[in-house]
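Each of the two complexes below includes chain A, the first together with chain B, the second together with chain C.
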Partner chain A sequence: MSLIELIEGPLWTFSATLFVIFVFWRLISILDLRRRGASPKPQGSRLAGALRALLVRFVPRPPFTRSGRVWFTTVAGYAFHLGLFVLLLAAVPHVEFIERRIAALPWEPISRTGFVIAAEISFLGLIMLYTRRFVDPLVRRINRPDDHVASLLTFIVMLTGCMALGRQSAFLRGLHMGFVELWLIYFPFSSLMHTFTWPISRLVTGWEAGRRAVRW
Partner chain B sequence: MVILPHVPGAHPAAPASRTTRRSGPLLGRWLVPVGVIAALLLAVLMLASVSAQTVDAPVSVRPPEGAAPVAPPTVRAPGVPHRPLGFDAPENTLGSRSDSDIWRVLREGAAGTTAAPRPDDGMLIEGRRPPFVKTPRPEIFTRPPATGLLSDFTRADWWSRIRDAETGLPRIGGYFLGVVLAVIVLFAFIRGPIPVEGGFSGRRIRRFRLSQRVVHWSIAIVFVLMALTGLTLQLGRPFLIPLIGKEAFSVIATASMQAHNLFGPVLIVLLVLLFVTFLPGNFPSRADIVWLIKGGGFFGGHAPAGRYNLGEKGWFWTATLIGAVLGITGIIMLFPDDLGTRALLEISVFLHGAGALIVVAYLMGHIYLGTYGTEGTFEGMVTGCVDENWARTHHELWLKELEERGKIEECRE
Partner chain C sequence: MSEQGAPTSTVSNVADLPEEVRLARAIDGFVAEFGPKTTAWLDSCIRCGLCAEACHFHKVDPDPKYVPINKIVPFEKAWKRHVGPVGLVRRMLGLAPRVTFEELREWEELIYDSCTMCGRCTLVCPMGIDIAELVHEARHGLFEAGLVPSRLKELDEKAHRLGSPFGTAEEMRAQVERVVREYGIDIPLDRDRADVLVTVTPTELEEKHEVLAAMARIFNHLGWDWTLRSDAFEAHNFGYLSGDMETQGKLTTRLIDTAREIGAKMLVIPECGHAWQAARWETWRWYDEPLDLEIRHVVEVLGMAVEEGRLRFEPLGKSATFHDPCQQIRRGGLDRWPRVIMEALGLEVREMTPSHETAYCCGGGGGVVAILRARELRDKVFEMKAAQFEETGADLFLTSCDTCQLTFRRGAADTGWDRQVDTLLQIMARQLVSDQPPLERQAAG
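What follows is the complex of A and B.
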């Protein structure tokens, strides 16, 4: 078995299985932390509070809208995440891979121009957000090694993916796949889990605020 | 009623400080060790495989043994009798199988026919000299070609000579950067780090805003990436192929080209941000002359400067102006079919390569002075704050101006 066959075969199955198992494990564990027992009578609509938090938090709250730092984080954050999702789910090699290995997708892959634009927006956002981790004294202090590892691993996955864009070299494709598999294994145990936990966080916090009839 | 707890770390801006440790009874304390072990296992497997396997078997272009020979393509130029363009070695200088006649005609710009609907169609080898070469030497066609990059430019030779891995820009550029690197190393060896006069005072003052630092380090990351990939492409043939071979170089070159093309527009955006955030203070002033006369303090003595000294201003305007050239020529090279004629493309490639060498040379000096070469400088671009004595040593006029205007912002971090 060649290296590329190993990476695209057993190692892919191994890492994808670990990813699915531990992501579900962590999500179930988080949900299992629910409080039990009697609670005071609700003072407001919990569902409305949860939905409000889920939707309103997509933009900065009014007290922070005059802060350049907040807008920088918001714009760069959206640039990185939206670009990344476009790359992940609509790039031609990814669509082909997903359809070949997992399931057919109901959408068409984007053009190469679209790919390049999405990649550049995403890289710009990621690089600027990552440099801020070092040069912003507050962010530097609250960052943990996990945050740096997660960011760097994501950057390397994206970089190796773009380097393999020519689709001329099996080595480059294997390099990208190898880092993707490492990323998948690291994912459930790191801050990358915010991919799945952010709606839970907003809903729970909004639910609690709604129960107390607090607008926040 | 079910009330779910707040989930720290669910928002990107709020890291999950203790989520992993309190992640519930199902995970317990086994979560992290299992993950680490799994990651290590994968890494070991990958490393073992890398050492055991060889990927990317070269694609052979040779026909299988015993296959019937394929006749080479034929091209007919005006006035040249039809015959195959084989690459067999001539039997003698003007032997019966010599193709020197047809190549000579092609070099002179013979027009043929092609199915490609592009500008300059039919021009098999572009017969044009660069605009900065005023005296063509048509007699070159009757003489052996001269060696050297800028000698004996002909209508068809200049482009291939510039790109020649042995005598053209790639090799000259490599030597140029090697000399610059040697000068920096020599200077570091002789001069060592330039100290802060009077030592560090402990009082730190604000020099760079957060936006400037973010832009600086963002552009630093992309710039280094672009430099590495660009130099791989430009200098790879003369310097890397002899070391790693053509097959390995082809993989590296493919990866470098994709990354270089992709990060180019990102660098353009960042250069615009760099220009906007660093423009104030980077205009020429009379103090620059004094600073220059005193050698910038690099060889001893004190050289007062404003917010930025002449060297920093030079770097700023080099990055801005040559960066603009690199950006424009890079875009032309990204879209050659839509934006450029062949002549424009050739000029763009030349300017892109030459401009990049200048910027990379300046970049090496900048990196040296910003890290090892000058005490206390690196810290200033990371934290935004510099020691007061550092400011007095390197930017005395700027410090005095702040003091006079009462604008000194002390860093308390």
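What follows is the complex of A and C.
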């Protein structure tokens, strides 16, 4: 078995399996809804509070809209994530890969121009966010090693993905796949888990806010 | 409550234990708080640092150590190491370093002195992480390690021993009798049966006698079947503030159980923020079944009485601004009642910017007002609040929290600010239209 066959075969299965098992494990531990003691009598609608928290936090709220930091992070965050989702779910090689290995997708892949635009937007967002980790003394102070590893791994996965786009080189494709596998293995143990936990976090907080009839 | 004590202290007996034992106690305290909510929040933090934009301490001192999420770093590290099988894998991969005792010692200042658990950071977090709740949970671990500011610990120990930092049941009875003599007002004390159990703050017993008399006058005017109990009068919960869960539970269950014993339908919490938080929103920790008891804040019940037309006041004809106590408004759900009362008092309300649920904290909540070494930082917050008040041009500066009022009074004394801060009850008592005799301090008092 060649290295590329190993990466595209058993290593892919291994990393994807590990990813699925541990992500599920983490989510199940969070979604453990067994009751613990009594709850305070609600003063408002918990469901409405949860839905409110889930939705309103997509945009900054007053009076924090006057903060440059808030807008910088929001705009860069959206640029990075939206660009990344387009690349992940609509780039030609990804669509082919998903349809070959997992399931058919109901949408067409994007054109090469679309890919380039999405990649530029996503890279710009990621670089803005990552640069801030070094430039802003406030963020520098709170950074964990994990934040750097997660950002760098994601950057490398994106970069190698762009390099492998032409599919002229098995080595570049293997390199990209190898980093994706590393990323998948690292994912459940890192801050990358926020991909799945952010809505839960918002819902949990909003549920409590709803109980108290306050707007968090 | 007075400020005293050394800059740093430790819990008396725990402080004598070896550091590794204290560290282990801290980790146990942290682990006891871990649950699905903690995991959802900590797993979602991406260190964007936007919580700093909301924190009053960071606003007045931009030192990055005051970024709210930074205040729970040891708690988060313990969570990464000790949360289930994932913690085991993290340990094996070297992704979860140990918490050290030195770290805990360093973080004592950040967890106690520079966080009032006001929850403003919760509003700005794009992930919805409730950092205030995480700080509350983290305090449990630090308490177990004996790393609690001295004055806070002193008050907590006294509350644990006597049931109140104020003193014993006998001292409480003597003080209430004194208020009865001073104001010539009827205060039902230690009744075996009553519909309403009313609680008070230590400051009301020590010095704010006019508030205690005011409450009595208003409750009597409303025709309530109420009582104060010398075995369950303390609303302040220093267990909640210090992270001493045992004392928090003891103080909470004392109030709830006494209310049930006397057949009360309602427990009334006085003008205090964290007392409301501990009684209304934290009681569930100690009970398995929902309580057959209404827990109400005094501002809430009086606001309702105003709306029902059962309370009327001589209009003041002045302007006023209201400082929103965080634990009552942002985290307590009592937003509308202070304004209802102010309107009934004939006050022109001039809101501070920001106000309501986004208002800045007074800087002294969460026990910070009792910490001597936090004074400089607290006073900077006070100056910010004083400036916000001045901008409104209002005649009166009002609030509905004992701790906020105390913080403002201390800030005013420290900075030479010559304005007075009153609570709603103080104003209500003076303006109440009633067939009850008006409040007048007797010469013999």
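In this text, the second predicted complex is superposed on the first by the 213 of 216 C-alpha atoms of A that agree within 3 Å, B and C clash if a C-alpha of one lies under 4 Å from a C-alpha of the other, contacts with A are read in each partner's own complex, and residues count from 1 in each chain.
Everything that follows uses one rule, which is that a contact is a pair of C-beta atoms (placed from the backbone, for glycine too) under 8 Å apart; a residue touches a chain by one contact, two chains touch by 3 or more.
Note that this is a predicted model, so its numbers are computed, not measured.
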Exercise. Is A:Val204 contacted by the first partner chain B, the second partner chain C, both or neither?
Worked result: both
For this session: Could you say whether A:Gly44 touches chain B, chain C, both of them, or neither, answering first, second, both or neither?
Result: second
Problem set entry | Partner chain(s) touched by A:Ala53 [first = chain B, second = chain C, both, neither] | second
Exercise. In the superposed arrangement, does A:Ala170 touch chain B (first), chain C (second), both or neither?
Worked result: first
Problem set entry | Residue contacts with chain A in the superposition, chain B compared against chain C | B
Exercise. Which holds for A:Thr73: it touches chain B only (first), chain C only (second), both, or neither?
Worked result: both
For this session: Tell me which partner A:Asp32 touches in the superposition: chain B (first), chain C (second), both or neither.
Result: both
For this session: Check the residue A:Arg215 against both partner chains and state whether it touches chain B (first), chain C (second), both, or neither.
Result: second
Problem set entry | Contacts of A:Ala119 with chain B and chain C, given as first, second, both or neither | first
For this session: Please indicate which partner A:Phe64 is in contact with in the superposed arrangement: first for chain B, second for chain C, both, or neither.
Result: second
Seminar exercise, completed: chain A residues where the chain B and chain C footprints coincide 22, 25-26, 29-33, 36, 39, 57, 69, 73, 77, 136-137, 142-144, 146-147, 188-189, 191, 193-194, 197-198, 200-205, 208
Problem set entry | List of chain A residues in touch with chain C within their complex | 22, 25-26, 29-33, 36-41, 43-44, 53, 57, 60-64, 67, 69-70, 73-74, 77, 133, 136-144, 146-147, 188-191, 193-194, 197-198, 200-206, 208, 212-216
Seminar exercise, completed: Touching chain A in the complex, chain B uses residues 1-13, 15-17, 19-20, 22-27, 31-32, 34-36, 38-39, 42-43, 45-46, 49-50, 52-56, 210-211, 213-215, 217-218, 221-222, 250-251, 254-259, 261-263, 265-266, 269-270, 381-384, 413
Problem set entry | Touching residues on chain A, where the partner in the complex is chain B | 2-4, 6-7, 11, 14-15, 18, 22, 25-26, 28-36, 39, 42, 57, 68-69, 72-73, 77, 81, 116, 119-120, 123-124, 127-128, 131-132, 134-137, 142-144, 146-147, 159, 162-166, 168-172, 174, 178, 181-182, 185-186, 188-189, 191, 193-194, 197-205, 207-208, 211
Exercise. Which residues, counting only chain C, touch chain A once they are in their complex?
Worked result: 35-37, 39-41, 43-50, 52-54, 62, 64-65, 67, 69-70, 73, 83-86, 89-90, 93, 95, 119, 122-130, 280-281, 283-291, 329-333, 335, 353-354, 357-358
